[in-house]
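Paired with subunit B in one complex and with subunit C in the other, subunit A is shared by the two complexes that follow.
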Partner chain A sequence: MHKSLLIDPEKCTSCLQCEMACSFEHEGVFNPAKSRIKIFEFEHGRRAIPYTCTQCAEAWCLYACPVEAISLNMETGAKEVAEDVCVGCKVCTIACPFGTINYNQDTGKVIKCDLCGGDPQCAAACPTGAITYVDADWTGYDRMREWAQKTHSQPSA
Partner chain B sequence: MSWQKKILRVNLSEGSSSIEPLNMEWAKAYLGERGLASKYLMESMDPKADAMSPENVLIFATGPLTGTMASTSGRYAVVTKGPLTNAIACSNSGGKFGAELKFAGYDLLILEGRAPDPVYLHIVNDHVEILPARELWGCTVWQTEEWIKARHQNPLLKIASIGVAGERGVRFACVVNDLHRAAGRSGVGAVMGAKNLKAVAVHGSVGVTVKDPKRFMKAVAETKDLLESSRGRKGLTKYGTNAMMDTMQEFGGLPTRNFHEVQFEGADRVNARAMMTSKPNGHVNLLTNKACFGCTIACGRIAHIDERHFTIVNRKEYWHASGGLEYETAFAFGPLVGVDDIDALTFAGFLMNEHGMDPISFGGTLAAAMELYEMGVIGKDDTDGIALEFGNAEALTVMAEKTGKYEGFGQILGLGSRLMCEKYGHPEISMSVKGQEFAGYDSRAMQGMGLGYATSNRGACHLKHDVFAEDMEDQSGRGKAVPCKESQDRVAMIDSTGLCLFTTAAWGVEEFRKQIDAACEGDWTEERLIACGERTWNLERQFNLAAGLTAADDTLPKRLLEVPAPSGVAKGKVCQLDIMLPEYYEARGWTKDGVPSEQTRKRLGL
Partner chain C sequence: MKHVIIGAGPAGIIAAETLRRADPRSTVTVVGDEPEPPYSRMAIPYLLTGSIGDAGTHLRRGADHFAKLAVDIRRDRATGVDVGDRRVALAGGGHLDYDRLLIASGSHAVRPPIAGMDLQGVENCWTLADARRVAAGARAGARVVLMGAGFIGCIVLEALAKRGVELTVIEMGERMLPRMMDDVGGEMIKRWCESKGVRVLTGARVGAVSAADGGLELALDSGESLRAELVVCATGVSPNVDFLADTAVRIEDGVLVDEYLCSSVADVYAAGDVAQGPDFSTGERRVHAIQPTASEHGRIAALNMAGGRTRFRGSLSMNVLNTLGLVSSSFGLWMGAEGGETARAADAERFRYLRLEFQADRLVGALALGLTQHVGVIRGLIQTRVRLGQWKPQLLRDPLLVMDAYLDCTRRRA
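For the complex of A and B:
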């Protein structure tokens, strides 16, 4: 069973604990500039939205890579970059429709979310539950439940 | 580790910048942020220099835990000589700017001199540019942030800037970062304006490392858990700081109509509940809460004004969300000036952020002007035709905008209450200490708060001590001196770590110690940490004494010392500063004249 990151922007306070956790896990340093997940603010700070790789089933970054540096982790379903193979050509950054794979000037390689090998640190660090890690088939479960609840609380006709 | 061990020093007169190693001996004696910047300030300038002169030095300082995963790690301090008080100023702020400065590789940014023409600073790691800001001069804070990000095609820049109030020397102008967070008090924005510096824009990708990552992450997880489960934290997250309005109202410590009263009949129309309650037309003031960098509390409010409200009905540019009411803003624009219109309070709050002004001092100055108006000392001829009566919501919002734009009577309000009241021959009307206006706690009901106000090195301030529990317990001045002194030292330490004071809702000194000790070199004990705080307090005091302040400045307005509280728990009481102050000097190891004794200086290595 694969799991997916589930993002609920309504709960995000824009504290950036996720960005620090991500950079710490991957680079050993607190550094949002090297985070694979980013928080975007809209409407003068009213909305904060976490955004990262959704691990496409048919991953365009993976197919675009000319040196096969990106591969599927069968355990987690993550598309992972092999740093020792990546040549930094950046073709994957063009192929990705969502912009969630990016070049890192310091290493000359690309970086993307790898689900931390199945224990995503962004979800662990999130203080409000805006980022959770759930059954990949049931990312809609909570929202369904919420609507079901609303239906339940309607007065019957 | 944890310190970047680097300082960026910019000489604006010469247009030059240099990167220096951090003095680690000082870092270990003063930690960072407030303490370390105070030390650098003392060593970089003559305390007698005019606050608005090029000889004043302006320091932006991060702490050792700024930019780490510790909760609330977004704090930075702006330290300088303040034009409102002519004393040392240290204003701290959250948002995301402070952490970004640290990520760029700096503990401190030291600004000296005065640029011949308006400039802004553009910092990306080691790349530092002083760029012309002539086009930006006259712009609001919000316009400035947008302009700089567009100009550099870099949305990742974090920006701290001033509005027209700072440019024109409004004595309580502040430095605003990330649209609605501010280094608010003592006029640090006016100093930035006097240096012809419009903004500091920074992006960093260096990051922050800690000494013992494994131990640090464990300490961070434990302290976060403690905060998460605390009642105080839950209240701040849900209601924000404005939950305090009800406490002060019930207690009788809510300064109303320039401290003539201590309870406000309209409190329940401007409190935290009112922000969350739907008006008859369906409008709800509060939209959501928001965190500063690294913060797991998220006390910040995001609010919007009813589009049908008289303040913005014809001004679509304000039909959007922005920073909502904190307690101090709600108090200063509500009870203190007698206004109970929550949309007007919110709009005035927006204007403070947009134009870069301290709401506490603006509210305090407006309240004094209202009293002068009701006394007949000033009239409509002086006030651009506006009736400055207590309770007039239009007077609040119009004057907030005039002061922000430095127009008409706003130029007089921009003097702050002390100079304004002196100008009109009634210095006793100014409710301030060392020229800085009071926060929302009346020191007749809260005696220890009164002592804290009187002795705070930056003038009246509620955030430099913590005797709240003692004050709620007992309404006399007895036994307040020692807890006041001890909490001042503790708070000075916390203000120097890079973390937020609100973590004390759940944390004691040990929680700071274990995070500092895992992150920073040196063996950190609680005693050593507290000593950093006490050293900082005494150093600030020495700055003020050298600047010309004396024990005579450690006092309160007569209204609090001689006029009894009209209602509440302290009905019939005055602030017993005369009992507390000598005890306080003794507890501090100061002479009767309020000067740190040789023994005290020696003990602290000053």
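For the complex of A and C:
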């Protein structure tokens, strides 16, 4: 059973610890701008939503990649970008209907959540339990995945 | 079941792999006429800049990938199809019998009908073989003229500029990217290119090319003449369908296919750049010569060839482009829909632009310049036809709220 990130926006205080931890894990710096998880604030900060890749089964990014730079990690279920293979064409960034794979101008490659190889640092850093790492069938992501399937041109088989 | 695929590009290869999974006992044969292992044309610009080698363009990494899948890749060229006998004739003299055939032969570059287009030093930039010739001619400091500033032209522009050539771009249309950008966006990209030292002539036409002093001379309709060591043509493509000439397979801008990717002839399917299939935005049939469409077509055609009944809901026209560091993208009906409404936010100084197109309270198209984060949600909003409700008036006032609208609408729907 794969595990997934479970996100409970009700508990999010917008403290940005997840963004800092993500950026440090992947880029070696504490810089929210380089995070693969992003907090979106609504209603002038009264509401916040942590947002990142759901590792969806459709894997639009993976199928759109022209050079097989994105692959499935069988252990975690994460779709991972091989930086040395990615040419930076960005076609995955428009193919992903969630907008959760993004171009990094500094490296000329794309970045996305890789679940930190099975130990997601955003969840570890979240002080309020807004982000937890749990068995996949628990998560509200199922609903988002359902929504993903409505993105029409995808084959249903 | 014998599956034969003509063309070893992304559409053909993804179809072959899908067939292997969906129809494990079948034989899958792919005929490709290029000398290299299956590769992505999309990777060519990165080969030109030297950021990857030949192997970096290959569609699949493992040397034994296709052998392991028992997908037979043959280097040969299809010269004819007998749809009655279900047989493909090959240039090498042999033939292949099929039960189901996929045409995934892509298209080829075409040059404008003007004098001198056959001279040495005039190249396309469509295949790996072209790219090697372009690389040989595009040495640092060389004078290079790029004809055509469409999507492919602009991709090649970036690669040429990075090689340090002295670059002039000539586009017949009144703006750069006439089919991917509106006036505002096209003008910003032009100004950006000029600020990076690229000369851009729009609304300009080359009358003739001739040999001069070991190089080339281009006579423009404006009366100006230009010297160059290399001319790169990115002036359009045409589908590879000559081998279908004597068949009943219906062809317009490409092989016409239905929502199952089947052509007008039973058991003959088509996918990718060569296929004219359902367009998500209009319901009409269009050629969408882009990688994501090749990939989706290939998969769905294969599922149906394997005996399934998977409907294709139409491809969304979408492009993303990097022009010397300025990232632009376009989606769907960016030019607007009948009876629709437009929202625009432009900041010419900072080269930022966002245009959204609505029909009723749904997003149907968009253009973006200088936007690289979460652009995919635009596709999400368009293709799920999500109703924006109260968000629409807000987006009309401030299109930059598109991510907020997306998060709010999708969370409420979920």
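The rule we apply is simple: the second predicted complex is superposed on the first by the 139 of 157 C-alpha atoms of A that agree within 3 Å, B and C clash if a C-alpha of one lies under 4 Å from a C-alpha of the other, contacts with A are read in each partner's own complex, and residues count from 1 in each chain.
Note that a residue touches a chain if its C-beta (ideal position, glycine included) is under 8 Å from a C-beta of that chain, and two chains touch if they have at least 3 such contacts.
On a predicted model such as this, the values are computed, not experimentally measured, just so you know.
Once chain A of one complex is fitted onto chain A of the other, the partner contacts of A:88 are limited to subunit C, with no touch recorded for subunit B. After overlaying the two complexes on the shared chain, residue contacts for A:49 are found with subunit C alone; subunit B is out of touch.
Of the two partner chains placed by the overlay, only subunit B lies in contact with A:16; subunit C stays clear of it. Applying the stated contact rule after C-alpha superposition, one finds that A:67 touches subunit C and leaves subunit B untouched. Of the two partner chains, subunit C is the only one that A:100 touches; subunit B does not reach it.
Counting the residues of subunit A touched by each of subunit B and subunit C gives the higher count for C. By the touch criterion defined above, A:24 lies against subunit B but remains apart from subunit C after alignment on the C-alpha atoms of chain A. Applying the stated contact rule after C-alpha superposition, one finds that A:117 touches neither subunit B nor subunit C.
Touched by subunit B in one complex and by subunit C in the other is not one residue of subunit A.
Interface residues of subunit A, counted against subunit B in their complex, comprise 13-17, 20-21, 23-24, 27-34, 43-46, 48, 106, 125, 127-128. Remark: subunit B residues 67-69, 71, 96, 99, 103, 156, 178-180, 203-210, 213, 217, 224, 228, 287-296, 298, 302, 304, 320-323 touch subunit A in the complex. Taken in their complex, subunit A has these residues touching subunit C: 38, 40, 42, 49, 51, 63-64, 66-68, 85, 87-91, 93-103, 105, 108, 140, 143-144, 146-147, 150-157.
Against subunit A, in their complex, subunit C makes its touches with residues 10, 14, 22, 40, 42-43, 45-46, 51-52, 56-61, 280, 290-292, 295-296, 299-300, 303, 308, 310-316, 318-320, 322, 325, 327, 329, 331, 372-380, 383-385, 403-404, 406-408, 410-411, 413-414.
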